[in-house]
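Can you read through this structure? Questions will come right after.
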């Protein structure tokens, strides 16, 4: 099991916060990567995400959409389009806009996870480890079981070095230039 | 029964032609007014239109979409957005973009028909008369029966004056300026 | 087009009458052959029959079930079992019990029509002619269109001898005994 | 939490064994009480049971049907009818026939559990305790989560006295009469 890569997000819809995986440590995180013009995302994957969102307490399970636009950028790529879409479909979980790449059509989080397309389902455990990475859809019964199974696991914080927080936010001596 | 109002169209997607109701006289015409961000349009009304399109011969029944954007104009209003939507959802019938109004959010054909919203179903008989104007959806069985019933009717061309075609394409003496 | 074979019926459920095809001449008749233990009959074919039953006037279209038990005779074969089934599923159209054969498992109407199994859909026009004989299911839209198309046809009564009605209900001079 | 009542079973279909709750201790048990003529049992509850049966290992989760006939006894009550039903619908989990009562229409396990009707869902934990008793249906996602949550619990055997097995099968010194 590998640690899940942090999101690289342009901005958020449906939340005034900017959650990071680091912030969500201790909870199970379900991420649905989608595009608003992907039919099976709209009819199946996002309704399933909404169902997870209403079934579990947000203290236990955090559901996040991730808008990974890799085609029709001009059409799908605007924040206003996504806001209108999320509003009309009554999706109430936070949705991140994946940061565009400067070098190609695949946005940055999508590239970091090497996703094959949309919809993609990502499950991250209480300890921040990647536990499911699946192109396409899983049946509701199995997904519910998988999430509850992760909920039953304690957050193992042992592997995280004492200075991990400092690594990002603190001061660190740089190796001397040779 | 009243004669159906002619479309007022900005442009067409999925066709290189610009059909008018006048051109389609003699055939039954099904029009589905929709918005690409209207959930029941996407999941129910447009698939039903596609089903009609594949069930009947186009010599008998012409299926047309009508994109009547009356909210989220910035997002839904571009031709590129509609083209991407129609492409991703594999809708193959011609789609008209309703001409925007200069005075309000309701586009012009939608206003002329006094539609209540989307989806709206319009059925026009072989003689160009409005036979169904329905906000929302009808079940497939009843819609199939309704279309076939109209197919069974002859096109009554009597009301059409002999010069009607000429009115559009011919040469006509203008009334003298007073 | 051949004349549709008359039913050979053991008894009827959901009606106190014993309709014959001859009686129904002038109307379109939809027959759904089924077995109460056939899953696609229960979940798809009979609900479609009920939908036809509620969509059209019974003056125009008569919907009949035909219980063609060709397996599990001990279980499905009783009138009481069929009555309980029809009651619990709220099917309200008349259902005929196909007359059992004395020589094999296939009941007599099913054999006369050479049905391949259940569900089978039969459509008979106003003149009593067989117009559709289909193993499996048709989509609602196409079935609605097909029925309405038959409704648009006049009943051709030419083949029916002038005395046919009298044969059943009128007074007739009997040939003298020789 | 109360200990779940043992089944009172007439006979079993789809198994050559006669499992008791006592035998299944250590595993999670899902019971779907149904009648073969109950439409929502047939279309929703039993397919959900089959889905649970194929999703989890039988070492972890045991799915059992319970045919609780409380109406239409003459029709639904025969073992042959149930066998034909289970065969035609391709349900592969064991099904118990609830033992008929000698005094009324409600069979004995159904009465012991005070079920309100069919379908009823019963969940029993690894320790044999009743954890869910629900008339009607739960959505797949929540049921999957509920089962997995019970799977995460150890079987607590503490409440079971050391001689419990002996109570049934062994030899025990009787207390002397005073």
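Residue numbering begins at 1 within each chain, and the chains themselves are lettered A, B, C and D in the order written.
Quick note on the criterion: a contact is a pair of C-beta atoms (placed from the backbone, for glycine too) under 8 Å apart; a residue touches a chain by one contact, two chains touch by 3 or more.
Every value quoted in this text rests on a predicted model; they were computed, and no experiment measured them.
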Interface copy of B-C among C-D, A-D or A-B, judged by whether over half of the contact pairs recur: A-D
Centre-of-Cα separation between subunit D and subunit B, whole angstrom: 57
Between subunit D and subunit C, distance of the C-alpha-averaged centres to the nearest whole Å: 42
Sequence positions of subunit D contacting 2 or more other chains: none
Graph class of chain-chain contacts, one of line, ring, star, complete, other: ring
Subunit B-facing residues of subunit A, complex: 37-39, 42-43, 72, 74-76, 78, 80-81, 84-85, 88-89
In the complex with subunit A, residue positions of subunit D that touch it: 48, 51-52, 55-56, 139-149, 151-152
